[in-house]
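Both complexes below contain chain A, partnered by chain B and then by chain C.
Moving on to the complex of A and B:
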């Protein structure tokens, strides 16, 4: 019993250290901005008196939902093409995708900026959505997941007359469901936390999604900032708790396959 | 632990997460809707004047009620409103400007016209407000002072607010329970929750449209200030 307790000690301390900023944020959300002491004014301001915060939250949520759904779709299609079909340049394409995936966001900002400028998409949320949807991570991730599905399954589907699309949507995606959900969650979290892209591609604070807007809240309104921070935790926490098992399976399958 | 037990445990955890998530997002959704109305109801009501332009010794002066002067840090200031882009529409936003020493006469003051922040030759200065206006605040301009509500009217408005709060809580619990059916893939029951939610939003909008509450009987800072309501009710009783 004691040995088991000791086993949990280090992870427990590390977890507590990770959670300190969250606890600090929660404590700040109950602090008064003008006078010290307990106050719920931060919550009142964000939830009831200034709709701007919640409207921005929903807009950001919708944007990240679109990016995550879009990236899951393009990832599944691209991943299936690379993993299950042979075509001229498929290997080169797969290598290119993997290389682009490794590149840091900062390295792709400038080419993306120039490209979006030519498409007249700067200063609109499309500048965040389109590069997010077509990020190479989804394709590489799904290619790994689809490769783990035995070739016999695909052959059997082809023999039964399944076309390319029904092969992807009825055979591969259901078979790799945890990986698809993991991709959805990871791309959602990535877009929910993006900072560099909105700062570069959007002009003003009015357009910023929640992740960047947090920093532009007046420092004198620490409680409002803390409540907005807690608000930011809600969607991600929900996704992690709801898809806990799928995440474990998805990450496990893709890594060990 | 057998496979079945683990699966059952996972399913239960998923159900719990969905219920909690559903409650949080439903709450946030309703808060978004309500906050639009709360912001509108809590908007400070002010009366403005453009003053009278007079010419004295070849110089243009603007005379306006002395109540338009606000003293801050020992300096006389005027508060004026300017129409600016708001969240949904253009709003009147309060600004402040220090004005030089003025002449005071019969409850009116005069200030050199070139010292005022004129916009197309006029400026809307606040000379009366339900609660002290603050710089950057969004306000509503009213044309004339609203009549004081009777004791019965005040009670009626407060009863309406309380009734709406109780109604909202009861309906939202029902809606939440219905929405949770989505997790069990009972689509029809879940859709009933969605329909109920839409109905609730329509009814609430209708209620807010009908229940126009004058700013003076609402608390200065936050709408849930119960002490203010109790005080106001006891004052109404005394009237």
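Moving on to the complex of A and C:
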């Protein structure tokens, strides 16, 4: 079936249009602040003359890596338990988590705040990391993904004497690899872009991670803002290109069959 | 034996969920039915009746419902239509799907920069209007903000849903369609009788994610308009955030509990619909 030219039109235009803000930002990053024209001042300021920006960048990167890895791990374990080891109350647990997953961040901010206050973890990055790792999203996501893996695979593994851990880590996770990677990318992006939690749990701009900081930069320094925007975009863009194949077949393939 | 193992495996997820989400939420549940500083007294549904008479809350509720009602169907059916379009393309479909997914990753701060460039005081829209001899406006602070927010939502999540739909549609065996064509079925009939029933569970999963993302859109609204934006985009999340900042915990708890109740009811309805479709498919 050969596609007609006409059929390329709508998707083509749309996919070009959605990328316009990125090109705009890239263009802004080369703008001069005082005089119009090409300038590298923005890059110079952010990358060399003021170390505050880069330091914040690396620290945010480490934090989001920890959150994404932790969320993937708890998500895989919880998801496997719900999908493959139906224990008492596993269905209720799954529904409960799905409901909490939909609730807006605002609804869980106060519960989190109360608990973190008791643990004396407010005003430290643990207040961002711990709720992020245990967000119900990962478990729900992986439960859907693992459910699609045929039961015979697990039975065969059991016959071969695989224990629970090797069943999960050597059979299930490799079989649902695209979904696991997609979960990692999504939770990385989620924590990389978080705004509400740092604003609520942390005091003082000095502690803010990159995402909030980006929004609080002076609007007058357009080029610095744009360079920081590009800096923000760099890690997620890397993940995006590195794992593009997994993202393409990942979200769907293993989940629905 | 197998069941006990399952609990051990799920333990980290369960404990974290209980500690950071569920048990604290029970405390909120108590806040929502009690009143007073220090020693709280049980007041029944008083907080709820007060809440549902609050003008700001009703405005926020109306806006949130309106936003959900417009943004979600458009994104879901748009994504479904586009994934069917993309299926027919011989080349370039992958690149387009990736391009459409990319906005999901863009930090909100950067996205807001783009919005300023388009609809801001010195933005592109005003520039065009000026050339046409019309007076521009600061669109972000007018009732147009509602549509800007909708466009931001679509821009961000359209590709995400396309990704989910596309793979599922691709997995429908081709012979189904060939057979239907041979028997002379029209495109509409093919969609209704083959595609739609097969992707219905995927559709529900997408609906779940779309609703989740509606609530995430607060960041965009906040970065555009601050705590008190134009009244067309004053969402429930603004109301909650402002109550939180005023340390009005019980107002906030009451909203959260009401929200949970609504979501639970919707989830139940969705679950029944899913069961119903599953039983129909088995026939």
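Here is the rule we go by: the second predicted complex is superposed on the first by the 248 of 257 C-alpha atoms of A that agree within 3 Å, B and C clash if a C-alpha of one lies under 4 Å from a C-alpha of the other, contacts with A are read in each partner's own complex, and residues count from 1 in each chain.
Everything below uses one rule, namely that contacts are C-beta pairs under 8 Å (C-beta built on N, C-alpha and C of every residue); 3 or more make two chains touch, one makes a residue touch a chain.
Since the model is a prediction, treat every value here as computed from it, not as a measurement.
Within the superposed three-chain arrangement, the count of touched residues of chain A is higher for C, of the candidates chain B and chain C.
In the superposition on chain A, contact is made by A:55 with chain B only, not with chain C. In the superposed model, A:244 makes contact with both chain B and chain C.
In the superposition on chain A, A:189 makes contact with chain C only, not with chain B.
When the two complexes are superposed on chain A, the residues of chain A that touch both chain B and chain C are 244.
Residues 41, 44, 47-52, 54-55, 57-58, 231, 234, 238, 241-242, 244-245 of chain A touch chain B in their complex. Across the complex, chain C meets chain A through its residues 2-10, 12-14, 16-17, 19-25, 27-28, 82, 85-86, 88-90, 92-114, 117, 155, 158-159, 163-168, 170-171, 201-202, 205, 208, 211-212, 215-216, 218-219, 222-223, 236-237, 240-241, 244, 249, 252-253, 255-256, 259-260, 263-264, 267, 271. Interface residues of chain A, counted against chain C in their complex, comprise 1-3, 7-8, 10-12, 14-16, 18-22, 24-25, 28, 73-75, 77-78, 80-82, 84-88, 90, 93, 95-112, 114-115, 130-131, 133-134, 136, 138-139, 144, 164, 168, 189, 192-193, 195-196, 200, 211, 214-215, 225-226, 228-229, 232-233, 236-237, 239-240, 244, 247-249, 251-253, 255-257. Chain B contributes residues 10, 13-14, 17-18, 20-21, 24-25, 28-29, 31-32, 34-36, 38-39, 42, 87, 221-224 to its touches with chain A in the complex.
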